[in-house]
């Protein structure tokens, strides 16, 4: 593809202007896998308009950080919408055939909502997900017991708050990419997740990529990108 | 593999205690790809001992953040050691056959040393590297012109200081994992790379994993893990 | 004008002491353009007193960061007061004849309230405003499609939260002053707008002036000052 | 200009790839006013290559944050290069005819180098500069005495470290855009300019745009953009 | 007084242990001026016990940061208690004869509650207070108009949020101690008063002592200590 | 004095413009006590010019934060200049008759340079100074032994780094104003004096005003203002 | 015990997987002293399941940071559960025979809830606790009066917010380990306990270990570990 | 001991005033174990005076953070002084009989100097020290292999920089007090040890006390206090 073709393609990328937002359709056009909406902070009537537009166009959608109130309004307009209260997602569209496995681990029980956002996102985009929760490093035998299941994945999402050491210990025990998700779980000098974030960025173990605090969605998406590369091999390189 | 086997295997992992350090041989035993040494802050005589031990054992080694003085001393002891002054690496061992491509991009010229650490690391572990430097978002036509080359890689390393917006713009233009490396390039409110780090963590584009400020090594390693998964597909999952 | 005249003029500047505040009338005396009130944190009875005083004096006023409750009370006392719930402004006075154009862009939908504060302020002081919302850099084709409209303005207000990269990319594409407004939109490591603020301060593109987080008013005012200079040319220099 | 024309124009923007950098020629092509180079952190041989390329192309250049050593090397290669040790700039090219006035004020004597970077930049791009130094708010009569000269400018650059209150007080006394430059002058809780930066961002006075700490160049450039708008009026809007 | 006498005196200092607190009576024993209670965060029943104990002992008391609910409960138990809703104080005891003047200035209207805490404290301990509110530096003529009243005080309390420049400008205009009180008034990069705090600590003007953010009590107390020294001269040195 | 007279007086305040600086003569004109120069960061030739101008005008001067090199150059030009290497001051002019006592205490030995800056400043402006060093709270008997000497002063300067608890403990033991000076002495989590600064701002004891980290000058000046008020009593209020 | 035995033991450590959590039984198996649950942030139904599991197994449990609502639900399921509203703990199991003494001191009254969490934890694991509250350094005679009781303990827990100087002063007066607990009590520049945390980390006195802000549990546990070592002497070393 | 006796004893505590410092002799008087000097930042002649005084009095001394230059000067004056270049200590006095064991572990090789400061301090005060270096969590099998030796100690000092996860993992594997020492080893977002400090403060494992960044001395001292309690049992409680 020449430079001119690249620019041409970029210029002509479709988006739909519905007034309150400019909706992309790249992902779904390219792959059929569906689009995403970040619901937090959006006015409810705007969110409803967005879901209606996607539904009208027959596009699969995953909305994250949605409140029950937002779901109520969306559901009123689009009966096919489904809510996952733990992951806080609003989904439209059938489940894809899942292929290739990622693992989602948490340090503690309080990290589970963020982990579920990652897991649900990964499943929405086609990954099988192995959930391994409450295996923080303060009782490291629990992690070691689950090592075989973790090593069996193409990518690992490590979710932890407070000290956030889980990602580094896991990365030292496997040779697959680890997506580290710091959470805002904790108190005092955890500073809303900063402590865990710094721990993860400073890990001595190789093979860790970090996402924003509580960003389960981003981790699930990145892990799935890697998983799909692992499934398809170099053939994807021509995408 | 059962839980018992996993623990067994972990317990019996070999390491070599040379007094000043406990050298691992996992990576090279498993894959033949070689080991790494973080040279910064190590006393020169310790570093020499470490290189001598690896040389004696016939292990390929890549040392990062090495000063010319450290190299002089290592070279005295191990004539086969080679220095890359831009990437600041000390290498022992032949080049592997390179397979699969990653792209390493920088926002500016001052980011090149960090980018080279990433590129040299990726090459040491077997990736082909496309270098695309000085394509920061302040002159976005330079980035758009190079888009086809970037899209042709299995993973992209985006290296940028100051505002650090390169990673997010790239991730919005490709559908491959982007490893974002904030650099300490800048002044004033760049706070030694914190500004670029925050930009990358907060990117609205999907598919970004962030590493520590100036951590070219970590990015090159992670990109290569992904690249090798892309090459081998699910067969690696049994590794 | 001599130094003595300057001091004289300063000393004699009128202000009206209404007990709870000392009201300035500079702007309106000089230009007939009206005054501003920062409503946030003001006790309701104080705010009412202030509006009553301006209304009595026949001065146009724009109050920012006003709650609906504050408006209710002001409206009770001054029936001519008008509320804009999105921009959160309380206005008294007719619209001026608009002249010269500024553009107000946002990265996302959640940045719109801050953008509206900027737009309404600019209109209050006499600028035409082109609104271009939801053109963040994660989908850069949306921004490029709107470039001609942006380039057609005398000054651009770029409003963005999270990574905040919009201002730098815009400034690289136009040769007009860009007023960058970081917003507190985001979560985790966006730190209430600090991430976007740092991005904007560290932009590599030339021609950016930054205002406080969420300070739509300040951006709209500054853009209008520039717009009016562009309209009047050097004749303003004798003001 | 249609959207298609805008994209076309963007795609075809010229840049010169000299290996170590990708040189833009936008500004000079458009306006004949010349290009800029940020010298800090660039390897000397790279900097020499860049200056040689611009000199070969007959482009006026202003390099900022240049050390005497960098200048020595550049001067060796391009005899026409000139150094300003206070502003730390390396310039190639004749002075333009200066038109329209900006004012550059400092709080103290130690802020002068940053102020000179702003002033030299403004002059390089065609502004007349009125320098008004050491008029900090701790002795406010010095500022008041110079008010008529300050009011006579199309834009004011206010440079101050430590408490950084100069910008706000000036903005309260004039009705022109004030570009605020915090400096790293100070000690203790000035935190390398953060104190002055925060003061300027939080100013209660209207009409202030802030640039990065010590960013004299950025302030001089932005002030000149405004100054040129003031000179040309709406005719510039078609640029 | 010998060292032994000092220690003796210290050891024997009276305090009353009422279980939930250990009440001092130093101040009132020494000077008859009364004691203070920091009400914030205290359980209501504890606060009531404390007020009852002081009332029983006939000690004048000033409680700061008291909620209306806390006052209700205290008033139930001690009918003589009086509440000031603006300063948020609960007082027991007659007013002292006021002597010597301090001035309390604010930058804006929203700083008044903190200023009133300072003023009421100063009055409780015997100072006359001149209140000069809404004289922030963005409209410096309002401050200059009130300069004679400010200069007439033995100490000045300068209360300001946001940029916090008031203290430095005042200190440059008078030759009396200025007690600077940063307030949490503001938004965005004011960081709950940190911006104003840093401005005040970094002021170039001489003669400023800073207290904690929103600490009107501390400023009023310190200003009164100075005022009383000014009244009594060296005779106090034998206290 | 009327408002008009105040403005008049302000407008006519003398200052001497020597090009690189605008020298005030207020203090010396009013009180004969002399002027101050902050030497840090000033170019040597500028500093020499400033000292020459003051010497020519017969004004007493105290320069702080002066290096030995700066003194050498000043001394060359003004033979009467004297250097104090511990306090790092350059003084011109005879000692005044000292009256009224302040106390300067330090937590440790490493705080002494900052304490000497405070002491020398206080002496320059006419205070007697009692030096009480190395009385930190980790060995509180050393402080208690010196209590009588501390209580004998009109104001206390408490200089401490690291934990910075000295100021609060002293303020709890005396009933005079305490000027707290945090120092940058320490390591690790002392963050260049931030730890001590926060301790001092948060002290539960009454009667503390805090100055910038390492700001011995500011503390000595403020303590002397208070000392002079204590000496002169209300007669100063007409100054 | 050989390395192999250690690994063996680790691998076989029991834990009970109840779905939402993986419960350890180490402590109780080893010592009979009971287990702990961090209740904060746990969903109520999860918490109930955990308590039911421990109750079923006959394990003593101490839950910390429990709300009254959480207790209600737990109590419904396990009637033997007991709530301490001040310490916010839910306990199952009889009191152990207390042996060896620790002291828990607070700076103020508002620190008592954190102190009670420490005290209740220490008692749960078998320590006698001496409570000494409201002995902050602003009135140091109250601390000195209680010194004999403090010195009589095997370990001291020092709980303080705001300036947090209590730990350092106590450590200077005793020769036993001091566990310092910063609290979030305070306002303004106490930054939710950061000020006290830094004070404690920077103390010049020897023998201080610091725990997280408000972490009364951690302090009580650590003090009890030390207390038990003091009771048992070297015999524990074979545990 | 009565309150009166405690105060008496405190008042009469001996210290020696040698002008530049006030030397305590508590520790050595009570226990014969010797005194400590923090050498960093002390002027060389002051340090020499201090060592001479201790030598004259026959007191064992351990000086920490000493440079070779400081040692040279001290050695000139006191020939018995001995330097440990790795731990950077200057010691006077014979070794005590060592009793009871503590373990000192490090995450990496670069942490060894801080660990040696801890180890030498512990030995100076009478503890046997087991050194276990380079057992960071990125290769957790190295730590597990050394577990028996770690469990055999009365207290563990865990020294780690970067992510700092060592302390938490160790504390989860032993039931003895763990003293956590964050080090400034690292780069980028390790912020000079802040990352490791936060990790340690936020550990989910029980039984951790944290000291300041790089404070090997403090950790060695505290571990020895605990070790001595473990040796002596409750008999120490009467000390």
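Letters A, B, C, D, E, F, G and H mark the chains as written, and numbering starts fresh at 1 in each.
Rule of thumb we're sticking to: contacts are C-beta pairs under 8 Å (C-beta built on N, C-alpha and C of every residue); 3 or more make two chains touch, one makes a residue touch a chain.
Small disclaimer: the values here were computed from a predicted structure and weren't measured.
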Exercise. Trace the shortest sequence of touching chains from chain A to chain H and report its length in steps.
Key: 1
Practice problem: Give the label of the chain whose average Cα location is farthest from that of chain F. | Solution: A
Quiz prompt | Centroid-based (C-alpha) most distant chain relative to chain G | solution = D
Self-check item: Intercentroid distance (Cα basis), chain D paired with chain C, Å
Solution: 24
Quiz prompt | Mean-CA-position distance for chain D and chain A (Å) | solution = 43
Quiz item: Approximately how many whole Å separate the CA-defined centres of chain E and chain G?
Solution: 37
Quiz item: Counting in whole Å, what is the centre-to-centre distance of chain C and chain G, each centre being its mean C-alpha position?
Solution: 52
Quiz item: Which chain E residues sit where two or more other chains touch them?
Solution: 3, 7, 10-11, 139-140, 144-145, 173, 188-190, 194, 197, 201-202, 204, 212-213
Quiz item: For chain A, which residues count as touching chain B in their complex?
Solution: 1-3, 5-7, 10, 27, 30-31, 36, 38, 100-101, 144-148, 151-155, 173, 175-177, 179, 197, 201-202, 204, 206-213, 217-218, 221-222, 225-226, 229-234, 236-237, 239
Self-check item: Complex contacts: residues of chain H adjacent to chain B
Solution: 109-110, 112, 133-135, 139-142, 144-145, 185, 187-190
Self-check item: chain H contact footprint on chain B (complex, rising order)
Solution: 10-11, 13, 15, 20-22, 24, 26, 40-42, 46, 182, 184, 192-194, 197, 212-215
Practice problem: Spell out the part of chain B that touches chain C in their complex, as residue ranges. | Solution: 107-108, 136-140, 162-165, 168-169, 171-173, 186, 188-191, 194-196, 198-205
